[in-house]
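Attaching a single structure in structure tokens format; questions to follow.
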Amino acid sequence: MDQLFVNYVQAAAVIIYGIGFFTLFFNPNMIKKIIGFDMMDSGIFLFLTAQGFLYGGHDPIVDPELVGAQNYINPLPTGLVLTGIVVGVSVSAFMLALTVRLYYRYHTLNLDEIIRLARKEED
Amino acid sequence: MNAGFLFVLPVIIPVIAGLLVYFRPEYREEAKRVAFVRIMLCVTAAFVFLIDLLPEAGLHLFSLTPELPVLFQSDGMAKIFITLVAVMWLASGFFSFEYMKHEENHQRYYLFFLCSFGVLVGLGLSANYLTMYMFYELMTLLTMPLVLHSGKKEAVQAAFKYLFYSVFGALMGLLGFFFIYNYGTTITFTAGGVLDMAKVAGHENKLLAVVFLVVLGFGTKAGMFPLHAWLPTAHPVAPAPASAVLSGVITKAGILGVVRVIYYLIGPDFIRGTWVQYAWLGLALATVFMGSMMAYKEKVLKKRLAYSTVSQVSYVMFGLAVLNQAAFIGAILHVVFHSFIKDVLFLAAGAIIYKTGRTNVTELKGIGKEMPIVMWCFALASLGLVGIPPLAGFVSKWYLAVGSLESGVPFFNWFGPVILLASALLTAGYLLTIVIDAFFPGSDFPMDTLTKKEPSYYMTVPLIALTFFIVWLGLFPGGLYSMIESFAASVF
Amino acid sequence: MSPYWILVVILLPMITGALLPILDFKEEEDRGKRQLFVAIPVILNTILVYALILHKPVGDLTLVHLTKDLSISFRMDGLSAVFAGLVAGLWPLSTCYAFEYIRHEGKENKFFAFYTMTYGVTLGIALSANVVTMYLFYELLTLVTVPLVMHAMDKRSIRAGLKYLAYSIGGAAIAFTGVMILMNSGDPSMTFYYGGSVTESAYLANPTLVQVGYLLCFFGFGVKAAIFPFHEWLPAVSVAPTPVTALLHAVAVVKAGAFAILRITFYSFGPGILLGTPAQGIAMAFAMITIVFGSVMALKEQHFKRRLAYSTVSNLSYIIFGATLMTPYGFLGALCHMLFHGIMKITLFFCAGSVLVQTGREYVHELEGLGKKMKLTFFAFTVGSLALVGLPLLCGFISKWKLGTAAASAGTTFAFVGILALLISAVLTCGYTMPIVIRAYLPREGFDESQNETAKDPGLYMTVPVLILCAAMLYFGMHSGPICDALFAVAAGLI
Amino acid sequence: MELVQNFPLLSIIIMTSCGAICTLLKGKAAKWYCLVCLAATLALNLFAFFYTLQNGAYVYYMGRWSAPWGNEIKVGVIEALLASAFAFVMILSVLGGLEHILEDVESTKVNLYFVMIAFLMLTLLILVYTNDIFTAYVFVEINTIASCALVMMRYKPGKTLVATTKYMIMSLLGSSLFLFAVCILYNITGHLLMEPMGQEVRRLYAEGQYLFPLTVAIAFMGVGLSIKGALFPFHTWLPDAHGSATTTSSAVLSGLVLKGYIFLLIKIYCRVIGLDVLAGDHMPDVLFLFGAAAMVIGSVRAMQQTDLKRLLAYSSISQVGYIFVGLGLGTEAGIAAAIVQILAHAVTKPMLFCAAGGFMNVSGGSRKLQDMTGAGRRDPLSGAAFLVGVFSMIGIPLFAGFTTKLTLTQAALGHGSVKCVLALIVIIVSTVLNALYYIPTVSTLFSARNDLTPYRNRYAHYHVPYVAAMVLFMIVNICVGTLAGPLLEAIYAGLPSLGM
């Protein structure tokens, strides 16, 4: 339990991730699903950035006064998060495009309903 | 080249004759058929007697595989058996000419009748286990249609029962064959046995079990308990001449099998004093007694005779199981005598059925007046079967009893004769009552209304001839005795 | 002869079969052409096979190496010669029979295509030099025969076909596992050597594994040989056209299973290792159970062809029983029965097929009185039945004799029980064949002959093969010395 | 540095540029350009394969930073082999489904289809080669998008859209789990390159530190990639997606895309986690069990299908099960078997899908098995290819499937425990089930039909690309079956560089 309080940022990240996960998985609304996905991504990014952060650490720009890696925050997670955001955005965009197509065809955003309609269409 | 080539003829002639009778359209005609069959029976019998007269010989016909030659020989046992076969077939065959008039499908009947003649001669002449097994199987298959002949429901059932019991029995024989081949030096019949004791060592128990199964197997054909049930079912449904040979000869084929296996392959020494001998004795005696009891209770004449066969053939089994010379001689004598007697009895029953249609013993009152010749023969045969001197049956039973008493087998040495005696009394009870009723139906029976219904010569001559042998052999058994003794000595 | 001829005899029928759908003969009009097109390669192939048997090619023919150990190779050794000889002997006869029979079924092109292909595939099994090759052809055999079973393409035959398929493929899959164990415990190329390729050290390292491997192979290949409890498919496939049931499910396919067991027992695992192990006992016990069980089922079965199929179930296990004795004599018995049962059972099936075609009757009780009308057919059936029962003078006795004496000489109690099983089965055999014969000739009292008015023997295409087979039964029954010597040479590993 | 060592990266660059250039080209030109690029990729990777076969694996630094900071690709025998195979199968799938692409995809968007193909190939190459776990994540996502686009890109919307959506959602779940696992691993090890990461993981495991995060990472990694690899019970998206896409898409998706993810998983498990650590967490057991279940359930479900493409899709689920069983055995031989199965299935399933496309042509475009009665006679080439595929699926010697069965059974026997028995049983059951749905399918395809409606009577008119694709597919399948020896040798030679 102690670990949980000390690493409260990580805990929050996991909670956000969990919310996103469940939304993506169980919410039938397409838009909410996409929001859920974004929350998942955000959760992970938070987790990642929190790991790179160092209390009292400086920006990772080399300052001649501060020698030694322990004085700087880790720049790599930040870079990773940036990449991740790019990927996440493109996936969200793709999903949104998909949703638009679905909506044009079925006039609803409810995935369960869409599946039902699609099955009917098939028959 | 010796007389061996002769052996093929009495085997093959009846078979070919039978096929001709069946397939040639001209033999649909009664007269031509009878003439042909008569000649063929006589020719075959003549060859059989010729073989009897010639000295012992052997013939190697061909080999299935090198270890399985088809061999014939005419030793004493063979001669006795084939002579018996020939006589019975002659008598029954002639009887058939008349009897079959009230049955159908004559050509088929003669086909199987003649073929089984040939096969039985072959069986008698077999000189090794393979040949015997072969003819034994063929015999079952060829005699089964005789049982089936009428095509009635009970006949069909009886035939199948006969078939399965017999095949089972034969296959037990085959089981023995496998083992004798492995544990013996040869499969050729050799007096005294062929077992190779070096190979047997360590496998005695298994071999004893096999021997027991073989005895049971061949005992099936001989109607030995516990595999006797087919016999009272099958024999009565066949036409009377067929019943006669079935009871008279075919049951003896089982005996021949036992003799050949026990005395000529396994050797009596191997089983003497073992549980196999005691079990065998016990089963034989049980059958003797049980057969008589069943016969006593039975009301249908032919069935009564069939049960009687069950009982009498086990006299022979008992004699063989005692495993000494006197009992052996008694057994072989009983084989011969019982054949004659049972043939007469069945033929007489057939004549009665043929002429009057009566099948039940209670209907036979006063029949002695209607058919005196037939009933006289019946009476003499009955007396013979009971064992009244000087008729045939007495001699054999005497030797059986003597053999048993001097054998030294514990318990059975005195218990056997006691059972035999009891059975003889029962025999008197179930046969002589018929005779008495036939001739002395009682004072209130309207004897005067009866008319004479004597059958034709085709029926009476065989009866009289056979009855004559019964009396003659009873009076002068010496020739036969010495002949049997000559080969009996060699097996012990 | 050059080992390449082996490839020729395997491929010639397969190519002929494959060409049939391409040439696409018309069903009715081109019948003559088609028959010629099929008959010539089949006969030629048979001649080639016998030429190969008489002049055995020296050495193996390796077609392709799968891995550094496994290869597809062919060889003509003694056991191959026996099976190939049997197959090659019976194929022309049954093709001849099929020419007439299959007119009643239709779809002749398809039928002969697969039928002829099967010839090649079966020879492939016979001539394999190692387990993998055998496995290949074993699988192919299933695949080319399934269409034959499903020939009618009605619900019944499709269901039967699927059953057959499931059992066969399942069996092969089980066997495959066993083969893998074999591969790990000896010569990894799994080439057949008389006496086995499993090394003593590998066996001692893990005896249980090797025995389990043997049993897996035994039951896996045993599926095709219809070992209890994997026998179900065989009676089911009797819906197939008779030439198929006769040749494939009495000879080629089921014997392929038995052949595989012989190979596995004597040439792969080797009796030296298996003798006296629990694996031998289990295998033998199942063989015995099947022997009796098959006969009992045959006795109960009223459908003519299914009855024969159950009889096959029983008889196949005679062969397997011989194999599980694991002595040269047992091997000899198995070989004898393999040959002779092939001849006997194909005859019986042909007779059943003739009856089916001529009268449309399928059940045993409908055959009453037919013996007088279909004389040749029932003559052959009688001879076949008697041979199957084991009457001396006919070939069935020879194999029974060899098996029986082999079991007797094996000396174990188990073998003794096996003999009893054989004999009980023989009684039962009598029980399920003889009533047919008897009632065909000797109908019951009051039987109405008029219902058989139209029945008559089929044409020459169907009767001649049957009579040739009868003659063969008699010949081998009365004079089997030479062939037994040859088989013994095989069984003792001399050739 | 030798020239050949540049080839993998060169192929990646070629595919990237191909994707970019295809957006500018018209449909036909894009097709040819894409095919040429794929051929070049194939050639380059084959060179790399033979190079590594002789000289062993090598690491190729991206930029001037070397490990543990820089990004790098690692080229081993297995990687190069898979890359070549993937490129080859990709070419054949495109050729085999070319006709259908032109039919199914709007003519203005044909070039986009080839863009997606190019990107898919690109991502596959990177998934195979990369040694950097975050790069892997990025390309997993790109791969997802590309493959979703391939599914969606069919003229007829509706079902494909829904299928794509399902596929997308499941993929996103999978990749986010994967990403999470990557983050955790990064956190506890401080590395992103696989080898340093692997050393760190082993050290931590040996010292007993961070065991819980490690377990979570392993599990998330496994679950995430299993979802993408369609392992039972995460397979639900697959039949819809593969069943409704155009021929090439189905072929590529089941033949290659799944394999890309699974190979990534294998690579991470071997190189990063290490099999001994993995075994301590019982992850192989879990994968094994689900793989075994997939083998059976996929086949059972396939038996119930009336739609040929869905049948093939369910069959893929069962085949993927084989790979996971091999992986789940957790031994060197097991991994080798898994890789063999990746190859064998990659050369078999696309062929079946292409053949199914051929059957559709002669059955009025219907995918229903019922309507395809006799299609094998009307289109013998597809029929022959389908037969080869079926033989392979059942595991007849000489065909690719047999190699799998052989290696997998051997691997199971080598394992020698309860798993061995279980594996043998499922292999047997699955073989039988495979036969039970494939053979009736074949018999339907080849059986004659009397009520031939006109369109069904249409006989196949072959296009050169299709013929070439099918013939090559058959040859390759048989090659994988008959040249199992060299293949296995190559795979075993490559296992050390995989981290074994």
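Should a chain be cited, it is by its letter among A, B, C and D, assigned in written order, with residues numbered from 1 in that chain.
By our rule, a residue touches a chain if its C-beta (ideal position, glycine included) is under 8 Å from a C-beta of that chain, and two chains touch if they have at least 3 such contacts.
Note that the structure is predicted; figures quoted are calculated from it, not measured.
Trainee: Please indicate which chain is farthest from chain B, where distance is taken between mean Cα coordinates of the chains.
Mentor: Measuring from the centre of chain B, the most distant chain centre belongs to A.
Trainee: Chain with the smallest distance from its CA centroid to the overall CA centroid?
Mentor: Per-chain C-alpha centroids ranked by distance to the global centroid put C first.
Trainee: For chain B and chain D, what's the span in angstrom between their mean Cα positions?
Mentor: Roughly 83 Å separates the two chain centres.
Trainee: Mind checking the centre-to-centre distance between chain C and chain D? Centres are C-alpha means, answer in whole Å.
Mentor: One centre to the other, that is 43 Å.
Trainee: Centroid of chain A to centroid of chain B, CA atoms only: how many Å?
Mentor: The answer is 104 Å.
Trainee: Which chain pairs here would you call touching?
Mentor: The set of touching chain pairs is A-D, B-C, C-D.
Trainee: List the residues on chain A that touch chain D in their complex, please.
Mentor: So the residues of chain A touching chain D come out as 17, 20-21, 24-25, 30, 33, 37, 40-41, 44, 47-48, 51, 76-77, 80, 83-84, 87, 90-91, 94-95, 98, 101-102, 105, 111, 114-115, 118, 121-122.
Trainee: How about chain D: which of its residues touch chain A in the complex?
Mentor: Against chain A, chain D makes touches at 134, 137-138, 141-142, 144-145, 148-149, 152, 157-159, 161-162, 164-165, 168-169, 172-173, 176, 179-180, 183, 186-187, 192.
Trainee: Please output the residues of chain D touching chain C within their complex, sorted ascending.
Mentor: On the chain D side, the touching residues are 377, 391, 394-398, 402-403, 405-406, 409-410, 413-414, 424, 427-429, 431-432, 434-436, 439-440, 443, 446-448, 481-485, 488-489.
Trainee: For the complex, which residues does chain B have touching chain C?
Mentor: 62-66, 68, 108, 130, 133-134, 137-138, 141, 144-145, 148, 150-153, 156, 159-160, 163-164, 167-168, 171-172, 174-175, 177-179, 181-183, 203, 206
Trainee: Residue numbers of chain C touching chain B in their complex, please.
Mentor: Listed in rising order, the residues of chain C that touch chain B are 386, 389-393, 397-398, 400-401, 404-405, 407-409, 411, 413, 416, 419-420, 423, 426-427, 430-431, 434-435, 438, 442-447, 477-481, 484-485.
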